[in-house]
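Residue numbering begins at 1 within each chain, and the chains themselves are lettered A, B, C and D in the order written.
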Amino acid sequence: MIKVGIVGGTGYTGAELLRLLSQHPDVEIVVVTSRSKQGVLISEIFPNLRGHMQHVFTSLDIEHLVNCDVVFFATPHGVAQSLVPEVLAKGIKVIDLSADFRIRDIETWEHWYNQRHIAPELAKIAVYGLPEVNRNKIRHANLVACAGCYPTSIQIGLLPLLASRSISTGDIIANSASGVSGAGRQANISNLLSEVGDSFKAYAGSGHRHLPEIEQGLSDIAGKAVTVTFVPHLLPISRGIHSTIYTRLNDLNVDVQSIFEEHYKEEAFVHVLPPGSHPETRSVRGSNFCHIAVHQPGNDGRVVVFVTEDNLTKGASGQAIQCMNLMFNLPEESGLAFPGLLP
Amino acid sequence: MIKVGIVGGTGYTGAELLRLLSQHPDVEIVVVTSRSKQGVLISEIFPNLRGHMQHVFTSLDIEHLVNCDVVFFATPHGVAQSLVPEVLAKGIKVIDLSADFRIRDIETWEHWYNQRHIAPELAKIAVYGLPEVNRNKIRHANLVACAGCYPTSIQIGLLPLLASRSISTGDIIANSASGVSGAGRQANISNLLSEVGDSFKAYAGSGHRHLPEIEQGLSDIAGKAVTVTFVPHLLPISRGIHSTIYTRLNDLNVDVQSIFEEHYKEEAFVHVLPPGSHPETRSVRGSNFCHIAVHQPGNDGRVVVFVTEDNLTKGASGQAIQCMNLMFNLPEESGLAFPGLLP
Amino acid sequence: MIKVGIVGGTGYTGAELLRLLSQHPDVEIVVVTSRSKQGVLISEIFPNLRGHMQHVFTSLDIEHLVNCDVVFFATPHGVAQSLVPEVLAKGIKVIDLSADFRIRDIETWEHWYNQRHIAPELAKIAVYGLPEVNRNKIRHANLVACAGCYPTSIQIGLLPLLASRSISTGDIIANSASGVSGAGRQANISNLLSEVGDSFKAYAGSGHRHLPEIEQGLSDIAGKAVTVTFVPHLLPISRGIHSTIYTRLNDLNVDVQSIFEEHYKEEAFVHVLPPGSHPETRSVRGSNFCHIAVHQPGNDGRVVVFVTEDNLTKGASGQAIQCMNLMFNLPEESGLAFPGLLP
Amino acid sequence: MIKVGIVGGTGYTGAELLRLLSQHPDVEIVVVTSRSKQGVLISEIFPNLRGHMQHVFTSLDIEHLVNCDVVFFATPHGVAQSLVPEVLAKGIKVIDLSADFRIRDIETWEHWYNQRHIAPELAKIAVYGLPEVNRNKIRHANLVACAGCYPTSIQIGLLPLLASRSISTGDIIANSASGVSGAGRQANISNLLSEVGDSFKAYAGSGHRHLPEIEQGLSDIAGKAVTVTFVPHLLPISRGIHSTIYTRLNDLNVDVQSIFEEHYKEEAFVHVLPPGSHPETRSVRGSNFCHIAVHQPGNDGRVVVFVTEDNLTKGASGQAIQCMNLMFNLPEESGLAFPGLLP
């Protein structure tokens, strides 16, 4: 059994880690920390876990983590960078779900997150946790920086086109929409049901923190600089991301459907739907799957890719566990193979 | 034109007052206060009012209110009682939407609201703002304590039965459900969309603050003590209250449908639906109307009354304006006669 | 491996059987029938099953079922009764999710379902599929009539009180609310999102088909006739049932919390929450668990029980699989032990 | 008083016409037809209108329309073209909310709607009902073909840029999302709450019927051919359209915010929000207003325009009444000036 610690267990990615890891056949949850809820039963905060976990939240003390094989950080940005060096020094692997180690260029990170980075050397050695792109590196990593929710959907939606050099890298628009759980479990008027329920809007129209991660990831895939216009929107649902990606083929005669099917035929968690399909967020709700469909609405080379995922699962905690499975030489689908909750 | 001031304009009952009063043909909004948003354009906080109001939130200063004919308090409990005496002393009428003056028995109020009441003498002279019960007193009132959202639906659902002495007063259950806006516009994890969306639960199962108001109001109507079991529930919608009231007839031969139709035939805002109907919250969404239906599921005297209202309109701000219309001798429906937003 | 057939695979209880059985470690799905979708890939209709099932819907032909050990009927009422005799005659066990065999009194069934019953002798021998009440009979049954969604929540909410003779049997109100999936996957204006979304209403106020099942089940538990006032409501969500049950203690000194905890301490799928709790539908979303809390809002013997379940899981397909596990001597939790999807 | 007839009163655009016209100070509703609901009280189908209308649905008989000054067609496509010639011949004005007369090129219409057009000569003379573009022609029209819901949002979002020749006409993407009421009030599995609630997806990814209307309208504005990539999405709400429009400036130095503010400064129903804003559908819910914001996320000339409207109001019935006001020389805001329902 892999001994697991979770730092920051009261947020939504923490809750999702707990839901998934409590059922993982090869995992024993050793410790779950929380600054605000020390001593409280986890199942009191997340009653769905009643009967599945008897744990109590503990304080964040490095001594609590020393018996772990791996520690997940499900914390706001800025926290992991202050603790990870010490954890790694104890020989414990780390999977960080926050943005702390996703961006290699520290100035870029400091610009978008508006603070000094404390552990820039780790940002350079962290392995980017997107298994469909980086599987082998993840297997040997001690520090994985899990891909963000929007960036996962956009990279998976463009990977076959960029890897096959089928599109130009200068004409990409990613129009995405996310459920509200992506904003975290914070007391905040702007995410009240009465504010965002029964409504829809764009946000961060002039630039979102995930943009540099998206461009870095796509550039890595393409082997050259890729620029993107990225606009996120807020859906009146809790879970789910849908990205609608607009790009243009270099060659009108290429068979785009085949490029996607071929690229993903061995991937456990990425399904390319038949031509004419429209993936829906509910089909992957609560699961680690991505659904993709590709359309060509005109005869002018325009390609539109639809990608759906659950932002808390494939977009965060499920992906983190997929990385853990790789790091510990388990079957990649271990604990993650169940279907989405439909209806 | 009636000159109106609103104290506490950034909550949901404030927003609803602004929506309604900005269209009222006989009202001029003079001042809207906010502690947290002084100097901010109202239409920046509530963009639906863009083009309808040019006002800016001001500080809460008695000098700002002196030109008003009437001041609405749309504040958390405890605020109005500290300011109303001074406002009344200036000869300005007051309509309080909070709970400060609803309960005549001060000990009861202090027990449920867990604080000292500063103006107990006003609680005794305040007129209870439920026009269907108290119309004439409201006409002559200087201080109206608007009925609460749940209590409005429950009193309107029982008024014809109690007034006609058709039911016993010791066997009443009020099972109610409210949209989340009833909990106010506060930064609070428990009202995030990701907490209450796509879910349903009861709350305050061992006792809710509206219980003493409900029992006081029903006792006033019945002319004797009425006790109620009241259980509120939280709906995954913003607006709307539905009360399902269970009681028992004294006389099995009474024609309950007629009692309701007869009682409300002159009421502008209460519609008794035809036999067999089931009122829905959406039919009164955004309107000042109540819809009622009465069922008798067995032959044993059991009566079930369904009542729907919009908690922010008939349950709060619409009712407050209905009271204002009475206090200023305007037609009771003035500014309130439009239908609900369906679908 | 148990060989399973599903008759009626395109409705919501069919979809839920497929979601659950596709992951059940001891089950092989042999055949899934559909009148309207023969030859269509199941994963085309339910894309969440893509990658989990390669099956195609087949016609409903008894020859397709002969290799099964057990057949689930997930059909509208009236269908199972016309086919089950033949299936049983082949030595195949049957688990019926419809209402066909739930009511022993055929006249009552014919009254509420407004048609002749074709197989009344089977209604008499069918075992009622509510394991918490009927576990041993289910183990030896060849025909199980699964408990309905509302009746499951109400019987589980009252079982400890009736079994302990703590309440009178003549003063019970069950005020329930269900997600829209309970109405089935039928083309019907009244269940469009634009009709029932963002709204709430009661329905069947003068009597619902589940009433005789509820009263039969409670009477069986109590050993004497129990009558209930039952009023269902429609929630603007897909999944989830919440029942609020009002009854009255015979003895004010009884410890109600202990009665519930004691009664359910060995039950895998029923959790009694701590005093003061309020179960929510989301905590059991997609799971086979029931959450219960008990309140006593006054000092007058009034007891209020809150019960939540997922109407498609514990209220239908999960419960059917729980019955199957019993009938085939598997661990009762097999394939059902995972937690609800929260948030 | 203008005497109004409504053909097709049981759909959502019919319901919205009734809600709005029942409150219009200058309108008398004379007749409302329905094939399926003849003789039924309108307020039985739309209970929000109880107390606001005593009308009964009548059969569609030209004799019922002869006393009207204007007839609205709120019918599925194909119906208006079969009746409008006769209505116009009686000297009655017609406002068609369907797609029958929106497309001047009949072959294009027949291609997308897959049927023969019966009245092609009327399609040529019909005036396109988008007042912000066509105000003067509408004033003198006898037949107005109201702009579609998506096309309204997209044309209003691009009008200032095209009119000022600020963008190229070959690089436009309109990524739109609509509430489910846009799909009409039809019995259809795919619009059940349990299918589209708590989910999000694109649809018509390879081409939507509104595309030719959008391109015709934009080309009219630009004075030359405009091509668009248009992808609609389905929101889990009833009302609301949000369009996110991507285009590119010809000249990087142009002040885009000023272009919009200047263009719309006299428009009653179009509000350009301050720089940095993100319009939300709820701010215009139930109202005839459009909210617009403009962003420039890079320094490369990329412009992103956000537009929100209520698809049933400004996107259909409100706009139809705005056209009626123009045709009858009433103030353009008559009956339409109230704010959106927020929260």
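In this section, a contact is a pair of C-beta atoms (placed from the backbone, for glycine too) under 8 Å apart; a residue touches a chain by one contact, two chains touch by 3 or more.
Keep in mind the model is a prediction, meaning the values are calculated, not measured.
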Legend entry - Maximum centroid distance from subunit B, chain identifier (CA atoms): A
Inset, instruction - Report which of A-B and A-C is connected by more C-beta pairs in contact. - result: A-C
Legend entry - Averaged-CA centre spacing for the pair subunit B and subunit A, given as whole angstrom: 45
Legend entry - Length of the line joining the C-alpha centres of subunit B and subunit C, rounded to whole Å: 39
Legend entry - Length of the line joining the C-alpha centres of subunit A and subunit C, rounded to whole Å: 36
Legend entry - Multi-chain contact sites of subunit A, meaning residues that touch two or more partners: 12, 181, 194-195, 198, 236-238, 279-280, 282, 285, 343
Inset, instruction - Under the touch definition given earlier, write down the residues of subunit C that touch subunit A in their complex. - result: 12, 15, 19, 22-23, 44, 46-52, 181, 198, 238-239, 268, 271, 273-274, 277, 279-280, 282-287, 289, 291, 312, 337-343
Legend entry - Residues of subunit B that touch subunit C when the two form their complex: 173, 175, 177, 194-195, 198-203, 205-207, 227, 229-231, 233, 235-238, 240, 242, 244, 246, 276, 278-282, 285, 293, 295-298, 300, 302, 304, 306, 308, 343
Inset, instruction - Spell out the part of subunit D that touches subunit C in their complex, as residue ranges. - result: 12, 179-181, 185-189, 191-198, 236-238
